[in-house]
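Let me begin by handing over the structure; questions about it come next.
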Amino acid sequence: VIVTLLTDFGTADYFAGAMKGAVLSVNPAVTLIDITHEIPAHDVEAAAFTLSAAFDSFPAGTVHVAVVDPGVGSARRPIVVEAHGHFFVGPDNGVFGLVCASARGHRAFHLTNEKYFRRGVSATFHGRDVFAPAAGALTLGVGPETMGPAVGDLARLPFTAPRRLDEHTLEAVVHIDHFGNCLTNISRADLPPAVIESGARFSINGREVKALRRFYDEDVGADDEPFVIWGSAGLLEISVNRNSAARLLDACRGQVVRVSTARVETVNDE
Amino acid sequence: VIVTLLTDFGTADYFAGAMKGAVLSVNPAVTLIDITHEIPAHDVEAAAFTLSAAFDSFPAGTVHVAVVDPGVGSARRPIVVEAHGHFFVGPDNGVFGLVCASARGHRAFHLTNEKYFRRGVSATFHGRDVFAPAAGALTLGVGPETMGPAVGDLARLPFTAPRRLDEHTLEAVVHIDHFGNCLTNISRADLPPAVIESGARFSINGREVKALRRFYDEDVGADDEPFVIWGSAGLLEISVNRNSAARLLDACRGQVVRVSTARVETVNDE
Amino acid sequence: VIVTLLTDFGTADYFAGAMKGAVLSVNPAVTLIDITHEIPAHDVEAAAFTLSAAFDSFPAGTVHVAVVDPGVGSARRPIVVEAHGHFFVGPDNGVFGLVCASARGHRAFHLTNEKYFRRGVSATFHGRDVFAPAAGALTLGVGPETMGPAVGDLARLPFTAPRRLDEHTLEAVVHIDHFGNCLTNISRADLPPAVIESGARFSINGREVKALRRFYDEDVGADDEPFVIWGSAGLLEISVNRNSAARLLDACRGQVVRVSTARVETVNDE
């Protein structure tokens, strides 16, 4: 049985290690996998994105613990969610918003049964004291419905899908990856590949990007020319081959990209 | 069986991977857990602190390997320590000082039995060649007493507890975490919660901090106001909600915090 | 069964996690070990070096996945290599060049059998979609020869061994580790220890280094004096005790070190 961890704890402190110890104290046979501990501090949207891109590479039944939790100790609810045949444990602050949005359905429960908590829960580290032990219990076959009452209304993220401004215009947000690729939140359901191939124009920071590639190193266009590509999370990216598109386009996380799919009427067409 | 690793090796080189390979070469069934590899280079005190905050989240019988070892190859002794029902393997340079200080007792042995070393021990990488194989042997049930002679006098850290300057004043040192929280080395044994609640004053870098919170996001006080809180390691922290107290207070690791528990006599009390 | 991962993906994104999920989806019993995900982006030589220094700490039969793959999606071949009793999976771009150079022999196969790929291979993330699933299949006992046709001519690195300029002079390249040690690619086969002990002179950035130490903290010479030492990868390093030789010598990765083993004729010898 597998438990993954995704947090904003960094890897320099005892936090991630202590969470793993807390899982193993409940079930020493768990295989623990770090998705990342480098979510920017308190950035729930980045956590939701990374989780949604990673979880379905794992086998069904995996338990994913996501702790980006600025409200730890306050009234925000600890929850366990079942969706896509996986389990998700963490705070009810939108971190599971994308996972739930793409699911056919989900069940959610308010983690209130202290039987599944660590003895002596702190007010500052529910990752270790609440979420990790609950994850451990799930791997032992404890049903999420025994952990607390069902919850119908989960916290939502500000937005999870691109905004449609008009018939021909979408507005998307950007996430920057390690290589400087600018990932949008545009999936094939938002913008069919055929529409892009027929000439969509992407505008980011006043710069227009039109070239489309199938893979990064495709031998077309100039070096350092930005292009659009379907990335491995099933989302459109703006990239530059062997270079950082984010740096070359001065793009940052959370910024807006506008996509126009209107055919450009050539002026000299008369 | 679980082996944890805590080093100052960083994660960019082959060092941490090679240590894990060396453990698995002795016992391929071990579950390996990184506590951290980002202890500042050669900072034995930071290693001692992080280990002491992390180890007891793991089940009894866990083997913890701690390698912050600027004296590798010199006369400093490799040791194995049994304390709190856990095993600890590493150099005798104080890295286990806090773990031993909080234990009811401990046993320590000088790792001299080359039977448990890697073949061809280098003079520069005992993490891979001495400590990892010994940890692997411990997970196979080898008794620490068979690994070398008992050791009575372990190396100590400069200080492991706050200094009491007078009846009403404590001096503590600060450790900075990933979120910029300033952790002191003050535990509930040093300063009972009731004393703090009745009005202790913390002074750091010429700034006084008096507010006390139960959790970070508690709805009291101004934004960016530093406050004192009992953190998840059982130690007092100076924190700022959703911001870095270290940056706002210009605090750095190793710096001193003074705590005054004298009742402030109000001048107009006559 | 053990699978190690070595990439330039960093640890902030979903990439490393997704690869692990893809391995575990094929074989949930695998023990996954990160060697590193911090190879500089697209730096195949650094990947080859780190892999060659790490792999043989692991037990025979370990599967090592190395993905530094700027050509992903292009015509570069995905391969599986058997050498030293270990398996290696990744792109055919030289990343296995050092591992193969030190082996008595090796077998290599072009990964073409889609039966061992993830369903729906992307053009941008073969780490998750090709290499990880193939690694999982190897751990289940699938023979590499069933994964595709044998390959005789693997891509090579520009150079894998020091260059001999004349009878008394070697030119080596430098790799910098986390502590600032400057590792050369000079092994005992290139320069016997006896030759060094009789007075080899290392010249880096116009500075000459002659002192030789057995371990970093050896009590000889001045502080901050650079010295030469046999490091734990079996390669000569230029180091400074408890300090960064790279910073003190202004050295960077890929730079050249010249080694002269000619006896210095003393001028006043007549």
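The chains carry the letters A, B and C, assigned in the order they are written, with residues numbered from 1 in each.
Everything that follows uses one rule, which is that a residue touches a chain if its C-beta (ideal position, glycine included) is under 8 Å from a C-beta of that chain, and two chains touch if they have at least 3 such contacts.
All values reported here derive from a predicted model rather than from experimental measurement.
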Same or different residue numbers at the subunit A/subunit B copy interface, by half rule: different
When subunit A is superposed on subunit C by its C-alpha atoms, the rotation angle in degrees, nearest 5: 120
Centroid spacing, where centroids are CA-atom means, of subunit A and subunit B in whole angstrom: 32
Residue numbers of subunit A (touch at least two other chains): 11, 31
Subunit A partner contacts - residues on subunit B that touch it in the complex: 2, 4, 6, 11, 31, 33-39, 50-51, 53-59, 62, 177-179, 214-219, 229-233, 242
Subunit B residues within the subunit C interface of the complex: 9-22, 24-25, 28, 31-32, 41-42, 70-74, 122-125, 128-129
